[in-house]
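Should a chain be cited, it is by its letter among A, B, C, D, E and F, assigned in written order, with residues numbered from 1 in that chain.
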């Protein structure tokens, strides 16, 4: 029995508030249950130095958490003067996930900067951030197309992420904080709508898991991202219709 | 004529979403038009070292802005590794404003940490932050009272803040970004419901202003905070009734 | 009765040692009683990036305090690796105060960097710094004029600053440390010789003050800066005559 | 055809120089071909604050690379003043991998600090670091046992790590730099001798990979770590016999 | 011929203003010609952690330079967020020099913190700092003795420092900036009144120097510190007589 | 009697492993007994800004120590976020020592960056680093000559460094850690094969030493570097013959 009463393969309630921020070229407030993340996409007409003259663009991401997004207040990273290893690990992951479905040769020497800021956390912030950032990135490209900066939206596939884990020896989908903090294993899958794998991160929290358990987690993840792809498409269609 | 079409003494639409954050002891999402600030109050059972053994408590504040809260993306302070002078100036101001209406001897050796995070900015973020933080602080004390940690809410007055400025040579209330970036003078007033002044910060942006102009600004501020005190009381009453 | 025995509207003994530093383009050691601040103006032939190509110049300021300028030794900011919020707040104030009386379009794309370093502190360091920096800036411009880099000294007004406060419920001028650390309210006024207000910063230290008390403080400040303007002019005249 | 001429399932030449450092409680210089990493284990009689009074111990790791370990010189992290995101990600991974095979309740309130310093790099530094650190940790525990600080070596399984990837569409084992920098996908597996999975990190470098390809990579990894476990045991036996 | 017209073995005009700072337990403004350094000694009733419980005291030093102490403005270390290698090298040297003449067992578990701040520089700031710090330290001990915190001043010898160098192939004493920036070799000697050597730092600036040249430099240094010891004694006697 | 049983004028066993690193343009693993330092020379086709357009080159150095190079583990400087004063002092010394024997006008606007990383420490790391870096620098120049980037190796003399000290009142050569940590005086000499002095750093650890003692130390240093010059030449000849 899961703390939330959900079935093993049930996602939390997922919502996308597309266009949440009035300044950003693309934006989305994504909610996976009580986990709420603001994702914005900011267009920068300059690429990083290593791409100058290459004709290629870049997508990068930064991640942060408000100090009181969590059950107990965490120290503000800006006040400490550095980003934690966890923060850096997550923002690198988000960037890689988005670049894997973007044709970097098809929008000129421009950079899209994604900001994912967790305003309330209840487990699964990185998977919510990736899933919501795909929408913010899409909306940024849609605006660029409307402005005739590009001919087509340079996304070659659709990407979403979900966590799975072993909780009380059972494989479960989309862990909330109560599960996450007691799981025996914890995995994050970044998958595409065409059936590709973009990133897998699986970690034994207490002791090693088996190949069979890992296969179960992957199965659940395929099921969960299947739902997320549908929800993303619906949210983007609704936004386009406005 | 103001860019927004407002009368010289008109506030923007002001809203308080009390209890916005499910983890914090007190919280409020405050909106002054398109300026949106999440204010949380976190109770810490320890005071800073300089108060240890004094029997007194403390209220302090931190302030931040999401990178894309603004028209163009600003650099993330956590990534730069330090808080700007502006950030530090504002967070010190918020802390002083709240302490001025709090009886620091009446809630034990505890510290309340206020976090003000701007998720969308359109001018006046520091005044919205102070006005919303008062509510978050009040709610934190209300919870402490409910838990029997204190006997009474140790707030000795009500505090709110508003900006005024000279725009096209006219004194106007509650500047939005379009006005703020072109004002001849810019002032922030932190005032109390009992008619006290807690903080005044007035700055000539282009050239010095006169004593008479300053008096006009103060007048507008008294008018504006009068309205804010009413709105704060209504929001707190509604929250208490839930 | 004030600790120093001064009348409520009496300044401390004020001295300007113009040309104190042999290297700087302009310099002044300013003393407000036991508060001693070295102010230097350094000419830089480059403007900050945001002004490149604008034809305009800039004036900026930095502020510091020797570790043992104070009664008890403070930690060295260079050793701590960052400037405090207080330091940043003060240096931003000094810069704004000087720019308010400078015609930034009249000395080319150059930057004047003001350094204010407190070598001994007894309250009122920021007001002494502003008052002395005006002289250092003036001397820098005088040298530039002598070198034919500019036609006229681009100062459009004269600026000085003074603190006032409520001490034992009485409004007093130019607080020293003994008063400052026990004042009920503390205000800094940056005023001009032509009667303009450039900056007002008033803070309730213990409880809120009234509009009438604020008016008294402003009155004292006008009286105090009146004296300071005369002393500045005398010091500049003496320096010019050398 | 691989650049090195190796078969798809062939490891590079692997060597363990056990006891390389004369000061450390446990140490090993590990070589995977031209990738050379010094691993040391340092015993600290104090645990981190979050474990004080718990009766449990801790294993943690730090990772670094000499500036000229790589083909072109990288900036020194100590000179830049911060560790990169990549460094932090790797050192967190090493710590988790070792803790997964350590009985943290069986060596008292002590901390073992692992340092992995790459003195020459040619791909696969993190997998070499984990594989060598297991030996350094083992040797540290062996010394503690010899000193009668513990009764038995508190390692519950044996851990090793290896990289696999898709290179020219073929699954290959233990990528060197020439392969790593051109791989389509890149995975690191941390596995145990008893058949458990401790960590999986798989990343699509160019485009998403399939479930079948992932299964192939895992297969190769099982093959590679099988060899590594044998080599680790031989090296430890030789060291014990000295 | 030296730029200043001084004889090869002539010091600049040296002055000690004892008690320059009204707050510090000991202080001295030292001038070696146009090099002016404020030296303060601050008594701290706590020793650093490594001496806790040892019964011994400690003397340490910090060094800084005002940004416009030099011919062209240097960046402020507090603003840059770190002390340069040169600063750290000098402050370590000052600390070692003073500890070499102090009986650390004779003033209890206390720490004297020396601050040397260069307010104007013209070469030789570190030697002026050491020579002036000796006086500040002496005065701090004298005050402690007056307060009956110690029985006797725990200085076992007298220390001073002077620079020597090869300028136009000639050995000269007490280099000013014009000489220092063109010297072929540059040496700093920290010597004691009883004829001891405490520190020698000699550096070839352009090419290596000979043993004979080094001997000449040492000779000059002995001559120079001989004069400095006399001047220190005179300054201390005058201060004691006040 | 020395702890190692060596004669007063005996070096430890010295070895140079030339070409230790396969990536660097020049490299050497140098061993002075149990002190082991990896020295690499990296060619950079750009000079620092202050030399742009001068036609001159530059040689600079960085120094580091692995955390467990020492008897007890030291904190990692990259993790602390700054280099210690000691580190900066040593790396500045290494750079000066090498530049003193290099003709900076004879290899174009290029920079050679020396990295000295101590992998095991037993006293004398800075002198081993200088002595080994000379070889790394030489090898870098030899490669540049082979590639026809320069006509001749621009080294005008040969440089080596050795420590001497007073241990049990006796002058001894090449102190190991056991001696170094108990020496009464400690000196480092950087000398050239043609008999020049490049750097002298002598420090009284407990009390001041005499001129005669200093002369003894210098004598020993001349003896020690004599041997080192021979060993450097032999190592370079062997490397050239390969």
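Please note the rule applied: contacts are C-beta pairs under 8 Å (C-beta built on N, C-alpha and C of every residue); 3 or more make two chains touch, one makes a residue touch a chain.
Model, not experiment: these values are computed from the prediction.
What is the shortest path, in steps, from subunit C to subunit F when you may only step between chains that touch?
Between subunit C and subunit F, the shortest chain-hopping route counts 2.
Once the contact rule is applied, which chains count as partners of both subunit E and subunit F?
none
Of all chains present, which has the mean Cα position farthest from that of subunit C?
Ranked by distance of C-alpha centres from subunit C, the top chain is D.
By mean C-alpha coordinates, which chain is most distant from subunit F?
In terms of C-alpha centroids, the chain at the greatest distance from subunit F is B.
Quick one: report the Å distance separating subunit B from subunit D, using the average Cα coordinate of each chain.
51
How many Å are there between the centre of subunit A and the centre of subunit B, using C-alpha atoms for each centre?
Each chain reduced to its C-alpha mean, subunit A and subunit B end up 33 Å apart.
Report the inter-centroid distance (CA atoms only) between subunit C and subunit D in whole Å.
Taking the average C-alpha coordinate of subunit C and of subunit D, the gap between them is 59 Å.
Give the residues of subunit A touching no fewer than two other chains, as numbers and ranges.
Expected reply: 81-83.
What's the ring order, kicking off at subunit C and moving to subunit E?
One full turn from subunit C through subunit E gives C, E, F, D, A, B.
Would you mind writing out the residues of subunit F in touch with subunit D in their complex?
Listed in rising order, the residues are 21-24, 27, 34, 38, 40, 42, 44, 62, 64, 66-73, 76-79, 81-83, 87, 113, 115, 117, 119-120.
Name, in rising order, each residue of subunit E that touches subunit F in their complex.
Touching subunit F from subunit E are residues 82, 84-86, 88-89, 91-92, 96, 100-101, 156-157, 187, 191-192, 194-204, 207-211, 214, 218.
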